[in-house]
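Okay, here's the structure, questions in a sec.
Labels A, B, C and D are assigned to the chains in the order they are written; within every chain, residues are numbered from 1.
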Amino acid sequence: MKRKYAAILGNLGNTCDRFCSSYKTNPSTLEMLKAAANLPNVTGIELVGTWDIKPETAGEMKTALADLGLDCVSIIPDLFADNRYWKGSYSSKDAAVRQEAIDYTRKMCDIAGEMNCEIVNIWPGQDGYDYLLAADYEKEREWLCEAITLLATEYPKLKFALEYKPKEPRTHSYLARMADSLLLAQETGCDNVGVCIDTGHAFNAGEVVAESIVLAKRAGNRLFHMHFNDNYTAWDDDMIVGSIHTVCYLEMLYWLDRCDYKGWLSMDQYPYREDAAGAIGESIEWLCKFDKILQTHRASIDELVAQGDAVATSRFLRSVIC
Amino acid sequence: MKRKYAAILGNLGNTCDRFCSSYKTNPSTLEMLKAAANLPNVTGIELVGTWDIKPETAGEMKTALADLGLDCVSIIPDLFADNRYWKGSYSSKDAAVRQEAIDYTRKMCDIAGEMNCEIVNIWPGQDGYDYLLAADYEKEREWLCEAITLLATEYPKLKFALEYKPKEPRTHSYLARMADSLLLAQETGCDNVGVCIDTGHAFNAGEVVAESIVLAKRAGNRLFHMHFNDNYTAWDDDMIVGSIHTVCYLEMLYWLDRCDYKGWLSMDQYPYREDAAGAIGESIEWLCKFDKILQTHRASIDELVAQGDAVATSRFLRSVIC
Amino acid sequence: MKRKYAAILGNLGNTCDRFCSSYKTNPSTLEMLKAAANLPNVTGIELVGTWDIKPETAGEMKTALADLGLDCVSIIPDLFADNRYWKGSYSSKDAAVRQEAIDYTRKMCDIAGEMNCEIVNIWPGQDGYDYLLAADYEKEREWLCEAITLLATEYPKLKFALEYKPKEPRTHSYLARMADSLLLAQETGCDNVGVCIDTGHAFNAGEVVAESIVLAKRAGNRLFHMHFNDNYTAWDDDMIVGSIHTVCYLEMLYWLDRCDYKGWLSMDQYPYREDAAGAIGESIEWLCKFDKILQTHRASIDELVAQGDAVATSRFLRSVIC
Amino acid sequence: MKRKYAAILGNLGNTCDRFCSSYKTNPSTLEMLKAAANLPNVTGIELVGTWDIKPETAGEMKTALADLGLDCVSIIPDLFADNRYWKGSYSSKDAAVRQEAIDYTRKMCDIAGEMNCEIVNIWPGQDGYDYLLAADYEKEREWLCEAITLLATEYPKLKFALEYKPKEPRTHSYLARMADSLLLAQETGCDNVGVCIDTGHAFNAGEVVAESIVLAKRAGNRLFHMHFNDNYTAWDDDMIVGSIHTVCYLEMLYWLDRCDYKGWLSMDQYPYREDAAGAIGESIEWLCKFDKILQTHRASIDELVAQGDAVATSRFLRSVIC
């Protein structure tokens, strides 16, 4: 199967952190769109709600994407940058805030419909906790679950991809790892609730991504989306694929195929001090390389995975890497 | 409710690691039993299969425990020290080894029945993987799930507590965290499959134990057992409760009560260089202290958890700690 | 000895992260100063260069601090928020940027002199690297060392406290841990170059702070300053002291005294979603509590530290904590 | 320069951990020696004191190595498996134990002399601490330093390579990271005290090995020895080089050359469940591959390191890897 590559539009923009409010200059949305369209292999784009797209600009964006030959891969509601949600969105202790979060997401779902976009990628970054004995884990998770259930029921044609991440911006997120996100997806009783793996988030969670892909399959084919990047495992460094790790990406592609994943491979990076288009383009080029190895050596890999001999695996890897 | 405290018998014995084969002298089983019975507040004991108990010694052990006034809290089949299982037990690539592991566990289940012991604590420490592209995550997890399902179906009066741990002795365990263990428990379709939290394993997994307790409740009241110890978060140091962390233990007891946990609080430590009875006894004394604080201040804690103000929580904690 | 407590002025201000540009409202400098002066036990303040103080406002600030009865504890040059230093300040590959960083620091040193402030706290947050094979560790460390040597030689009456941190904003900082900072301090050949321990940074680095205090003493009494906060060890969460850890703070105060530390205990937090004054005040109250325990039980602690019996230590801690 | 490859003899033997006392069968010393001699590219061997060599067997071993054409690369005194040192060797609170450790090391130094072996590799694995408020960091480090100074002074023709490791078997080692080991080496005042980098230990410590190589050079050319293996960063998994990480090994070789390292590249693995000779051989083959890339592209790497453009580095790596 041919891989479909995408990127998140905002990755092509300015960068900041809690110390420095601006590392680069602010490009316009149009500049970012053009940069995305120029990336080799990229045929899809993800848009963050409100930043990149609002109800009143959806039509215009649709035209722009069509002109550039880009699919709208997902809409990502902004539940993390808006400080109304500073202590949680769907799981906020404040019922009015929870309602706002749901209403806002509905608008984003409507936009997704309008854009012929199948996926709403939910990253509820502010939903979690920091201090012990200051969160009601039971009620807050229940509220989170209720909101997702409500939205998934109201929009049965959309797929809700829950993007998990163990921490940041909270010290602990409610959707922290693959398995707890699957538990929640199952609790909704909705087949259109699944998971988005961000490879870096999974590294932070101590997961081997290939195993997480299998978990999602076993829980009812719930892998809906993939975000790619690399890091040093301890934090979401959002770096170029292949910067730190190599072998695991080859393994991921193998297991995506074994689990019959047909979705997008989208780049989600944060090039603080790098040329954004260059950094995103590199990630895709690495994945293309790993894909080529896989296509050539799939039968050997099948055998190695069945055999379980680390020395044989190493010998194989040496023959295809370097 | 009155807490029930227990310990794992082997914790009172000799210690070793991969470098040093013996830090202490080997006490006899009887010496360890007496030491356990002398521990203040301890009324139950966990026995590791084969080491502490075998089919032919079960009757004798039953008498010994009765004489010492100790309940048999759980049987822990040895799936980790026996090198037949060096590359997995229930999930071994070798069908004969899988069968051996199941047959062996059956014997342990029979012993549990004979000892009037409700819980079989399953820690499949060798079931996992080390190297990338050398494991078949899909088949191996399926085999693991099949074995647990089979055993839980055959022994409906026993409760199977799956003890998760992210790593060691494998770099990655198949039962790694609370949520993936719950997924597997649910897949079995058996109500008598649940989870054992080892607090130190949960710390290693980046979990806040109180939240894990809630996850288990939400997944069908599946928290069956608790093992207590402390560590520096990066590894299973198996230290005295309260050595590194303080507040989280108070929070755990609060949430155990909120989630209506009625099981044992069992100590699972590894006192490499410490007096074993002293180290285990200390853990229980710490828990008694936290329990006393909880009994006195439960209403305040209810309020703090509802309120979500970290400064108020800190003020309260200062007033009860130190 | 009486402890001297301080805070960093900016901790009382607005908060942000790379996702959300503003969690709170922006207080004025005067409002923050008043809030600081109202904190119980606080008699000193640290000022971040350019944000809080510039050459042209130094006189005014001096008067304001005098009016409020606050000492100026340190000046912290802004080498982290200014995007001129996005790829390093003293260790930038660009000689002009290195020169700018040195010239700018000179201005901050002049201000320190004017404010009768003894310490310049150097946190070169942007000096480090992210990607492998993209940094010249040898030259860049040499440039860093040269800059510090130059400044320390030019300002012999000031003490330069190097604040280490393993990561953030770079994935790897050049001043990453206590020991490498001491190596650099020794290389300068200047007695007025030492170290600032931020307790949270040390936790991130896997250090036990008490041992780091001893390292600094052994390397020529080079512990110049202390920043306090707490975290979950994996990241610089900048939380209230005592939120996660308890025992280690008591141990720190004991070793600060054993090593004859006479400097400030300054709070360095980042209360993203908390009342800032409340959060900082709590940290100080916790330290006061630990200090009181220490004053009462110093002889017992001397004995425990000499004895090395973890069970005895635990028994003691239980008697003074909870 | 031609690389010199070696292995630690015991790596070819049986394996165990704290749960399973024997994963394999015990080969004889002679079998292990032959296996080592058969490893492609291996021309040197490291011997662990007492296990592999004692005063009374040194002559015999010398002959055996000569027959097999192997150099004796280092003697590693056993300060970790002997339970006399269960609470420390050179830094034990017990003066008699400290004396024993020194006397024992003298014997190992004599053997080194007899074997024409230049390096004594000191890994004081039991020297450290586990519990807070139970160690006297000041005295214990001083004792450690005194012992090393004494030995290095008595044996001026030997090079003492201090092998650091942040943890295991203690939760905290006194020789934990590159920089603190360098501080201690400098304190001895002896030029023949330096450091051994075990790449996996450095990963555990959060170090980028290439930077650690530079630190050792800056502190007086104190990199004496190298142990190679790979891991997932959180623990000393002692795996095959290249299993998890790729790029960093290429970077290490580059910086070893830039820092004029002329020592051995020795494999230090722990193949729990793998064919030992196969696993060690694989590591060397990977290093040979990285070396070949380096030899071909050194000028490009020089440029990339000077340039600091992560996108350019990635592009280069893609062209040489895969």
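Here, a residue touches a chain if its C-beta (ideal position, glycine included) is under 8 Å from a C-beta of that chain, and two chains touch if they have at least 3 such contacts.
The structure displayed is predicted, hence computed values, not measured ones.
Chemist: So chain A and chain B are the same sequence; what rotation in degrees superposes their CA atoms, nearest 5?
Modeler: 180
Chemist: Once you find the CA centre of chain C and the CA centre of chain D, what distance in Å lies between them?
Modeler: 34
Chemist: Can you give the whole-Å distance between the Cα centres of chain A and chain D?
Modeler: Going by mean C-alpha positions, chain A sits 40 Å from chain D.
Chemist: Send over the residues of chain C in touch with two or more other chains.
Modeler: Residues 87, 130-132, 167, 206, 232, 234, 239-240, 243-244, 247-248, 273, 309-310, 314, 317 of chain C each touch two or more of the other chains.
Chemist: Graph of touching chains, which shape: line, ring, star, complete, other?
Modeler: complete
Chemist: Which bits of chain D are touching chain B when the two form their complex?
Modeler: Residues in contact with chain B: 15-23, 80-83, 86-87, 125-126, 130-132, 167-169, 171, 231-232, 234-235, 237, 239-240, 243-244, 270, 272-273.
Chemist: Going by the contact rule at the top, pick out the chain C residues touching chain B in the complex.
Modeler: Those residues of chain C that touch chain B are 206, 232-234, 239-240, 242-248, 273-275, 278-279, 282, 285-286, 289-290, 293, 309-311, 314-315, 317-318, 320-322.
Chemist: Considering only the defined contacts, which chain A positions touch chain B in the complex?
Modeler: 87, 93, 129-138, 141-142, 166-167, 172, 176-180, 182-183, 186-187, 205-206, 208, 210-211, 214-215, 217-219, 247-248, 250-251, 254-255, 258-259, 301, 304-310, 313-314, 316-317
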